[in-house]
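Note that chain A is present in both complexes that follow, paired respectively with chain B and with chain C.
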Partner chain A sequence: MRAWTLPVLAAWIAVLAATPFVGDNYLVKIATFVAFYAALALSWNFIGGLAGYPSFATAAFVGLGSYAGALVQNAGAPIVVAWIAAAGVCAMAAAALGAIVLRLRGHYFAIGSIALVEILSLVASWWSGLTGGGEGLNLAFLPGGPDTIARVFLYAMLGIAVLALVTTVAVTRGRLGFGLRCIAQNEDAAEMVGIPTTRYKMAAFVLSAVFCGAAGAAYASWVAYIAPSDAFSILLTVKVPVMVLLGGAGTVLGPVLGATALVLLEETVWARFLEFHQAILGAVIVALIFFLPGGLLGLAARRRTA
Partner chain B sequence: MDAALLAQVVLNGLMLGALYACIAAGFSLVWGVLNVIDMLHGSLIILAGYLTCSLWSEWHVHPFAALVPVGLVLGLAGAVLQFVLINRVVRQPVLTTLTLTFGLDMILYNVMNAVFDATPRRVTLDLGRLTFGDVVLPWDRIAAMIVALGLTALLYAVLRGSKLGRAIVAVRMDREAATLMGIRVPRIYALTFGLGAFMAGVCGALLAIVYPVTTNATGQLLGKAFIVCVVGGLGTVPGALAGGLALGVTESLGSHWFGPQAAALLGFALMLVLLVVRPTGLLGRKGYE
Partner chain C sequence: MSALLELRGLGKRFGGIEAVRDVSLTVQPGEIVGLIGPNGAGKTTLVNLITGVHRATAGTVRFEGADVTYQRPHEAARRGLARTFQVVQPFPQMTALENVTAGALFAGAAGSVAAARRDALAQLERVGLGAEAHKPASILTLPSRKRLELAKSLAMKPKLLLLDEVNAGLNSSEIDAALALIRGIAAEGVTLVLIEHLMKVVLSLSTRIVVLHQGALIADGPPKTVVDDPRVVEAYLGARFAQRHVQARDSHA
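The block that comes next holds the complex of A and B.
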C-alpha cells in the first residue's frame, strides 16, 4: 500500500459523506451510486484482483442479495436485519457454488461464473410463487421525506463500502492476501509451498459475495422494486470488473478509484447519449484494454518510474 | 406419452440441435484455437439474421441464396477485427480477452438496436410440411437442419483436409512449433476468427428462416454456444455436433415436460454438472484450457 492510500481513502469517504450538506438530492444520489459500485468493485477485487480468478459472478450475488433482502423485508423484518440476512444468504450460496466453480480454472471458470448469473436469473423468473416471477417484487418505501430517505441510503451504502474497504486492508496485510497473490501468480506452485489454495480461494469467493449481497439488498430497499432482468444484469457483471481494471486490480485504492471514475463519467458524459449508453461503455472497455492496461494507478506508477 | 408425440418432440429437438451444433462449431473453433471466448458470437448471428431478413424484404433475395454472401461478409469483418484488434491482446489472460470481446459485443449490440428496430422479424418461406401419421415436420425446418449439418460437416472437412485447416490445427496444437514450420500465426488467427464469424453468419441466415430475429436473443444464443462447447468438448467439430444435438433433444424434452423456462435452466444445469464431472466434455481431449 502506498503512503498516500489511506489519506486518499479518508478524503473519499469524507467527500461522499458531506454531499447531503453541500448539494441537492441529485448529488446525493450520485454519491450513493459511487458507494454502491465501490462496494461491488472491492468485493470483486478479492477473487478477481487478489486471487486472479476471472469471475463474472458479481450480478449473481447482487441479484441473490436483493431477492433475499426483499423477501426478509417483506416478511416484516427491519431493513437492517434484512440486509444482514441477505449477506448471510450470499455467503452460504458462495460457499456452496464455490465448491463447484472453484474447481475450474481460466476460461472454464469464467464461463462457469457467467452461468451462475444465468441460472439464478432463470430460477428467479421460474419460481414465481416466491419471487413474483417476471413481474418482480415490490418493497415498502421507507417512512420520511425524500431528503431523509436519500441520506439513509447514502450512509447505508457508504457503510457497506467502508466495511468492504476495511476488510480489504485487513486481507491485503495478512496471510490470506499473501496467499491469494501467490495463487494469482502460480496456483500449482502456491499449493506446493504449502498454501491451502482451496480454502483460500473459497475465502476469497465468499468475501466477494458477502458485500455484494448486502449492497444488493440495500439497493432493492432503495429502489423498492426488483425484477429478474435488473437484479441479475449481465451488464453489471461486466461493469464491475471493468471498474477494478480501470482503477488497478489487486490494489486497495484501485477499485474505489475505478468505481468513482466510471460512475462520474457515466453521470456527466454519457448520460446525454442514453440511446448509445451500452456502445459507449463498450468503447470505454476497448480503450481501457488498449491504452490503459495497468489502470489509473498503473499510469501513476509508470509516470513515477519514467 | 404416446410414441408419435415422443417422436415429434425428439425430432423437434434434433432440428433445433442441428442449428445449435452449427452455432457452437464456430464458437468452439475460436475458443479452441485462439483461446478467446468470443462474446460477439451471439450478436454476429443476429446481425446475419437481420441482413438476411433485409435482403429478403428489400430485394427478394432467397435466404438460401443469401447464405454464403452473408457468411462471407461476416467472415471478412471477423478476420479484420481479429487482425486489427484482438490479435494485439490474444496471449493475455482470459479476463482481458473476454472483457474486450464483451466490450465489442456491447458496441455491436447497441448499434444493431439503433439501426434495426427491436421488433422481431423473420423470413416466412412456407414450403409446406412433411407428415408421417401424427408427426408433422415443416419443410423449412428440415431444410435448415440439413444445411446446418452440411455446413458443420464442411467445416470438419476444411479442418481435416485443406492446407488452411491443417495450419489452423497445427497452431492449436503448438503455436511455437507452427511458427517454426513457417506458418504465419497472426494471419491464421485472423482466418480462424473469420471462419468462426462465417459460421455465425450462415447460422444467422438459417435462424432467420425458422425463428424470429431480435437482438433480445443474442445472450440466449451465446449461452447455447457455451453449453454445447462444455457438453461436447472444446475445439472439436464432432464434439460440437454431439453437444448440439444432445442439448437440442434435452431442451425439447424438458420444454415438453416442464415448460420452456425450466428447459433453459436444464441446459445450464447440465453444463455445470459436466464442468465438474468431466471438464473436457463428452468428446473432448485434455489440453485445451
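The block that comes next holds the complex of A and C.
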C-alpha cells in the first residue's frame, strides 16, 4: 500500500459524506451510486484482483442479495437486519457455488461464473410463488421525505463500501492477501509452499459475495422494486470488473478510483449518448487492455519509474 | 530408528504408461540419498507422488510413520516435506524476497508476515542472493532462480528436502559452491533426496544411491557398489557396454 492511499481514501469518504450538505438530491444520488459501485468493485477485487480469478458472478450476488433482502424486509424485519441476512445468504451461496466453479481456471472459470448469473436469474423468474416472477417484488418505502431517504441510503451504501474497504486493507496486509497474490501468479507453486489454495480461493469468493449481497439488498430497499432482469444484470457483471481494471486490480485504492471514475463518466458522458453507451463501455474495455494494463494506478507507477 | 520416509509398492499409471511401478524405498533421518536414472526413468514422477502432486495408483507413502499417500501438496509442505522444481516455479511478479517469504509464512515457522520476511532474508543471504532480494523473480538469471527455489524450500523449514536437479545449468565453480551449501543443509539435520544427473555431485554427497529405470528401482546401496552394478551401467549405456564394463573390471581385478 502506498503512503498516500489512506489520505486519498479518507478524502474520498469525506467528499461523499459531505454531498448532502453542499448539493441537491441529484448529487446525493450520484454519490450513492459511487459508494454502491465502490462496494461492488472492492468485492470483485478479492477474487478477480487478488486471487486472479476473473469472476463475472458480481450480478449473481447482487441479485441474490436484493431478493434475499427484499423477502426478509417484506416479512417484517427491520431493513438493516434484512441487509445483514442478505449478506449471510450470499456468503453461504458463494461457499456452495464456489465449491463448483472454483474447480475451473482461467477462461473456464469466467464462463462458469457468468453462468451463475443466468441460473439465479432463471430461478428468480420461475419461482414466482416466492419472487413474484417476471412481475418483480415491491418493497415498502421508508418513512420520511425524499431528502431523508436520499441521505439514509447514501450513508448506508457508504457504510457498506467502508466495511469492504476496511476488510480489503486487513486482507492485503495479512496471510490471506499474501496467499491470494501467490495463487494469482502461480497456483501450483502456491500449493507447494503450503498455501491451502482451495480454502483460500473459497475465502476470496465468499468475501467477493458478502458485500455484493449487502449492497444489493440496500439497493433493493432504496429503489423499492426489483425484477429479475434488473437484479441479475449482465451489464453490471461486466461493468464492475472494468471499474477495477480501470483503477488497478489487486490494490486497495484501485477499485475505489475505478468505480468513481466510471460512475462519473457514466453520468457526464454516457447520459448524452443513450443509444451508444454500451458501445462506449466496449471502447473503454478495449482501451484498457491496450493502453492501461495496470489501470490508473499502474499509470502513476509508470510515471514514477520513467 | 524409525524411517522418515517409507514407500511401499508405490505405483503411478498415466493411462497405458506405467511411469512408476512397485517402488519400495526407505529413507532414514540424516541420510543423503542420491536418486539417479536415465531421462524418463520416473524420478520426477516419484517426487510428485511423495509430495502429493500426483495421486498414487498403487502402494503407500508414509512420512514419520503416518500414511500420507493421498495428501495434498500444501499438506506435504506443512508436514516438513519440501521440494524444489526441475523447472523453476517462482511467483514472477513478486520480488525474490517475497517469493521466499511465501515459503516461510505458509510452511515455515513464521507467525506473521514480518517474521516471515526476516526468515526469508536470512535464507536469501545464505544461498547468495542477498543482493538480489528486491528484484522481481522474473528478471533473475536461471542459476539465480535455481538458488531462489532452494531458498524458498529452505524457508519452509523442511525435515525432508527433495532437490530436483537443483544444480543443472551451473558451471563448475558454481557447483562447488552449491556442494558446500547442500552439505551445510544436511549438517543442520535436514534429510535430503538429490535427483541429479551430475555424477560428481551425486558421488561426493550421497550416503546412499538408488537407481530408477523405466519406473522401477533397480539398485539401492552405497555409491561405489551402485555405480559398478552391471544393471545400472546397462540402464545408462545399453547391454553391450555393460558387458564390456564387467569384463574390463574383472580383467583389472
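FYI, the second predicted complex is superposed on the first by the 306 of 306 C-alpha atoms of A that agree within 3 Å, B and C clash if a C-alpha of one lies under 4 Å from a C-alpha of the other, contacts with A are read in each partner's own complex, and residues count from 1 in each chain.
Just so we're on the same page, contacts are C-beta pairs under 8 Å (C-beta built on N, C-alpha and C of every residue); 3 or more make two chains touch, one makes a residue touch a chain.
On a predicted model such as this, the values are computed, not experimentally measured, just so you know.
In the overlay built on the shared chain, the residue A:I119 is in contact with chain B alone; chain C does not reach it. Once the two complexes are laid over each other on the shared chain, residue contacts for A:R173 go to chain C alone; chain B is not touched.
By the document's definition of touching, neither partner reaches A:K29: not chain B, not chain C. Once the two complexes are laid over each other on the shared chain, residue contacts for A:R181 go to chain C alone; chain B is not touched.
In the superposition on chain A, A:M192 contacts chain C only, with no contact to chain B.
Touching more residues of chain A than its counterpart among chain B and chain C is B.
No residue of chain A lies in contact with both chain B in one complex and chain C in the other.
Touching chain A in their complex are the following residues of chain C: 51, 53, 72-74, 77-78, 83, 85, 89-94, 101-103, 105-107, 113, 152, 156. Here chain A touches chain C in the complex through residues 173-175, 178-179, 181-182, 185-186, 188-197, going by the rule given at the top. Remark: chain A residues 48, 52, 54, 56, 100-101, 103-108, 110-112, 114-115, 118-119, 122-123, 125-126, 234-235, 238, 241-242, 245, 275-279, 281-286, 289-290, 293 touch chain B in the complex. The touching residues of chain B, when paired with chain A in their complex, are 31, 35, 37, 85, 88-89, 93-96, 98-100, 102-107, 109-111, 114, 219, 223, 226, 230, 261-262, 264-265, 268-269, 271-272, 275-276, 279, 289.
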